[in-house]
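Right after this note come the structures.
After this come two complexes, each holding chain A, first together with chain B and then together with chain C.
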Partner chain A sequence: MRPALALLALAAVALAVLGVDYGLSQLAFVATWAVAGLGLVIILGQSGQISLGHGAFLAVGAYVQAGWVALGAPPLLGLGLALAAGALLGGLASLPGRRLGGLAFGMSTLAVALIVEEALVRFDGLTGGASGLSVPPLVVAGWTASDPLAQCAVSAAVLALALLACRRLRDSRLGRAWRAVRDDEVAAAASGIDTGAVKLRAFAVGGALGALAGALYAHWLGYLSPEQFGLPLSFELLMLAFVGGASRLMGAVWGAVVIVALPQAIALVREALPAGVANLAGLELLGFGLVLVAVVLWRPAGLAR
Partner chain B sequence: MLRRFLMAWLVGVLTCGGAQAEPGVTPERVRVGTVQDLSGPIAMLGAPIRDGMRMRFEEANARGGVHGRQLVLAVEDSGYDPKRAVLATRKLLTRDPVFAFVGTLGTPVVMASMPLVLEAGRPHLFPFSPHQATYAPLHPLKFQLFAPYQDYMNAAVRAMVARGGYRRVGLLFQDDDYGHEVKKGVEAGLAARGLALVESVGYKRGATDFASQVARLRAAECDLVVLATVVRETVGAVTEARKTGWAVDMLVTASGYSAQTHALGGAAMEGLYGVSVMPLPYAEGANRALADWIDRYRSRFGTAPNIWSAMGYNVADVFIQGLEATGRDLTAARFARAMEGLHTTRDFFGSPEYRFSADDHLGNRHGRLARIENGRWVLISDYLQ
Partner chain C sequence: MIGQILLSGLATGCIYGLVALSFVLVYKATEAVSFMQGELLMVGAFAAVLLSAAAGWPAWVAVLASVLLLALAGALIERLALRRAMGQPHLTAVLLTFGLGLVLRGAVTTVPEATHRAHLLSLPGLGGQVAWGDMVASGAQLGVIAATLLSCAALAAFFRYTRVGLALRACSENPRIASMMGVSVPAMHTLAWALGAALAALAGSLMAPVTFVHPGMGVVALKAFPAAVIGGMHSLPGALAGGVFIGVLEALAGRYLPEGVNHVAAYALMLVALLCFPRGLFGGRAA
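Take a look at the complex of A and B:
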């Protein structure tokens, strides 16, 4: 309860300080990134696997949704399709985990991200290639989510549903199997757990959530290009999970607050600095790095411990 | 009585609306926004563009501003991340709003933020992106300065064929949107001279070895090779050709027209042709106005300007010319109308004349030929029509 209150207070402060539209835009991206982060928390924190190419799931969700709405089909169904495509890719990405472990398996997930990015460039008839493609706003039953309030409401609702679903999964038999594999894979296998199937499900859930976030991101941004889903995005999401805390579901939310809103907060602080200091190139990056180091030093298990 | 009351109310509402302030404009100042990459992969472009723009604004302010208004440049950092760019744009639209967006950098950033800017009724001016969407389809508030690859390479190839009488033209291209745009322009230029590409070879972005591509172009007996490359790849491809003893003429796009090309490539780059859409601001041999500008820039920012500083200065200058043409009564609609009648003259950089009209918001479609001679780019033609 207390973390939820803290988040609400933070959101209220953001709206008061930043102004309604700007603040709501931030919150919409925070909630969307939190959905993607939840997927990574399931993979990393619950099942103990590593996913270095999580951006690929967002890419698949974003492009499936963009392609679907370009056909004139209902966007809500598109979200379902994106979810399924993400789950499928997640399942595929987990297959090397049956034979590989540790860093080698991590590298195979990195390869998935590279393959997806390259495919987006190559299949330009479908994806628009490197020139990218435009995505219209999300329309649900004649209601268009084009302003920050609507985007924020949709993202927050999706995040709430995703959190509920993840909580149920965490407390289920599957959740216990995930943690058994995470804590000791050999012992889990000896206890009759099909570790390959358990990892596959973790990746399917993680991939589906990533794709769902990607589909929303496509609408909120309105423009997709393959370079947006390169390795920097995957590393940003990894950072989100570590900063927020991969062992708790709420870690995804706290991580998203830091990753999305911190650069903006630093930009606001910069405005208050003397011109000579404020104009230094890379100041925001430096501030961002310092805050991350501080979080790692003082809250090594993440903000949501 | 009722009619009089209604009339009074209507007049009140209309005058109230009329007196409503234009965002970013007060009697004392005009606030202008730009979204640059100051911390991402193309920060080496973003910082000089910002400084060039800032310098031109400061100069205008020192002379009393434009129509008595001081110019304020609000710079936001996108880190080349479209998500951050959207947030930065919302910030510039809602918190202390800006009158217009000038010189935003990077295609993904521009494509994600431009719809918000236009939806808010703010002019979106001269972004650093070759994407056609920055000027087409025609929108009253979209204006672009920079020539598209396809157009200027078409003219450049025609001019090169006319100069050198080349019959077997080959192409080395980066296998992405940029490379394919250039290819279309080269093919159109050759078709106009009754020729076709004899060989075209692609490479993946980031490639460092061009041995196989150069061998294929050589096997096709090309007498001119067009390079749709960026600086590092230009140096790699030309060096490879020279290393193997192939002294073929090569023409690189404006993306390779950089001081870094001859600085990194050294003597092997001698004789390389290039296309310039804006001359490099060399200190050596500069005219007096350019030399003064370089000195002022150096003393203001503590570093020598580069082509991006000049381009930043240039976009700010054209914006100021638009403001001057608009007059004291500044609104987005009046500004756009004034821009449509704007025809700039060539400045001390030797930039092209930008000409806009009611049905064409792209200010320039032309480049000029240059060649590396004695370790620097020398312009060898005027702007090609």
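Take a look at the complex of A and C:
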């Protein structure tokens, strides 16, 4: 109960400080990032694998949803399709994990993500290529989620469902198998666990959640281009999971709060500095880097504990 | 024509190879996967530009000074931050180095002078062209290849003929036994980071006459991962060969295959290498 109350208090503070409309749109982003982060927490914290290319799952979800909506098909069905596409890519990305362990497997996910990013630029007939693609607002049964309140409500509902589903998975036989593989892969295999299949399911769940978040993100932002989903996004998500603490599901939510709040804080710092001293792009990189380094050095288990 | 393509691929590949070399050097000695080699490369190039353009030093002296400066910076970063990530899971070092890379890139980007105009470092003696039959080699390309060969020879001599080089090799092979033989393992880690940063800075300075010096130039280091993987992650000659291989492959793919293939060729090859040859195409010894 306490985390829920703390989150509500935090949301109230955000609305009071940022104003209702802007605050709500930021909260929608927090919930969306948290869904994506939840997928990474499953891969990282539960099954103990490294995914260096999580941005690719968001990209697939976003582009599947955009393409589906562009066909004039119902968006809600598109979310399901995006989910399936993400699970499929996740399953594919996990295949090298049958032969490789640890770092080498992480490197293979990096390669998959870089290939997906390049494919998005090249198949410009479908994706709009480097010049981008615009996405209409989400329409559910005749009701258009175009204002920040509706976006926030949809994201929060999806996040709640995702949290519930992940909690059930965590407490299931599969969840125990994930943790067994995380703690000792050889011992898990000796206990009759099919480690390849277990990793595949972790990546399928992680990829599906990432794609779901990507599909929502496409609607909230209204514009897609391949470079949004590159290596920086993958590492931002890793940072989200690490800062929040990958050992617990709620870590994804706290990490998402930090990731969305950080640029706001940096913008405030910049306003305090004299004009022309520093540009925003550099300050943002600097701020993200400093926070990441500080957390890794001083709170290696994440903030939420 | 084919010779021309091979030559330009070779020159690019030498840059990849140098960065991969710096990556593998650090990885072998400290088990840390560095995601900041590209940023070290960028800072090295900027240091060379700053020293030669702003301070008025001769270009080659500036390059040498920037390499030494980055070696010092690498040692300092290891002492202050990276040492604390020792013995932790791989992801800790990955995130820590990525974060430090963001700090470096952010610090350079916040300086308006660094982003507002393009910088170019011209190294004297590499301006002209050499014609050989119907092949034309630019001085910059030959300079990159020569400098790579020279630095690799120096590195090989260091590892083979000096006590410190032997100690570093021993430490990479088995830190516990090395420390029993009186090698200071922490000092070797510092040395590995200093060498790694110096090699990255050298690669940056060699890139500077060809491409513009800008805060995003570190992305070239992404090609160091495939190069290192193809070389088997544990072999220094393998990393260099992997870099050259990828450079040549990209040049050939850029000429003969549809557009875009050259961008993904390295990563696709990395996937294949990881799956089929986990110890590298050039078959390094088993760990």
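To be clear about the criterion, the second predicted complex is superposed on the first by the 272 of 305 C-alpha atoms of A that agree within 3 Å, B and C clash if a C-alpha of one lies under 4 Å from a C-alpha of the other, contacts with A are read in each partner's own complex, and residues count from 1 in each chain.
Keep in mind that, in the parts below, a contact is a pair of C-beta atoms (placed from the backbone, for glycine too) under 8 Å apart; a residue touches a chain by one contact, two chains touch by 3 or more.
Bear in mind that the values here come from a model prediction, so they are computed numbers and not experimental data.
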Exercise. Give one of first, second, both or neither to describe whether A:90 is in contact with chain B, with chain C, with both, or with none.
Key: neither
Practice problem: Mind telling me which of the two, chain B or chain C, contacts the most residues of chain A? | Solution: C
Practice problem: State whether A:285 touches chain B only (first), chain C only (second), both chains, or neither. | Solution: both
Quiz item: Of the two partner chains, chain B (first) and chain C (second), which one does A:52 touch, if any: first, second, both, or neither?
Solution: second
Practice problem: Tell me which partner A:300 touches in the superposition: chain B (first), chain C (second), both or neither. | Solution: second
Exercise. Using the touch definition from the top, say if A:100 reaches chain B (first), chain C (second), both or neither.
Key: second
Quiz item: Is A:239 contacted by the first partner chain B, the second partner chain C, both or neither?
Solution: second
Quiz item: If you stack the two complexes on chain A, which partner ends up touching A:210: first (chain B), second (chain C), both, or neither?
Solution: neither
Self-check item: Touched partner set for A:121, first chain B, second chain C, both or neither
Solution: both
Quiz item: Where does A:75 make contact in the superposed view: on chain B (first), on chain C (second), on both, or on neither?
Solution: neither
Quiz prompt | Footprint overlap on chain A, where chain B in one structure and chain C in the other make contact | solution = 121, 281-285
Quiz prompt | Residue numbers on chain C that touch chain A, as the complex places them | solution = 33, 35, 81, 84-85, 88, 90-92, 94-96, 98-112, 115, 215, 222, 225-226, 229, 233, 259-260, 263-264, 267-268, 270-271, 274-275, 278
Self-check item: chain A to chain B touching residues, read off their complex
Solution: 18-22, 25-26, 29, 121, 129-132, 134, 148, 217, 220-223, 225, 227-228, 260, 263-264, 267, 281-285
Quiz item: Hey, which residues of chain B end up touching chain A in the complex?
Solution: 38-39, 43, 47, 76-77, 79, 81-84, 86-88, 90-91, 93-95, 107-108, 111-112, 115, 131, 176-178
Exercise. Flag every residue of chain A that touches chain C in the complex, lowest number first.
Key: 44, 50, 52, 96, 99-100, 102-104, 106-108, 110-112, 114-115, 118-119, 121-122, 231, 235, 238-239, 242, 276, 278-279, 281-293, 296-297, 300
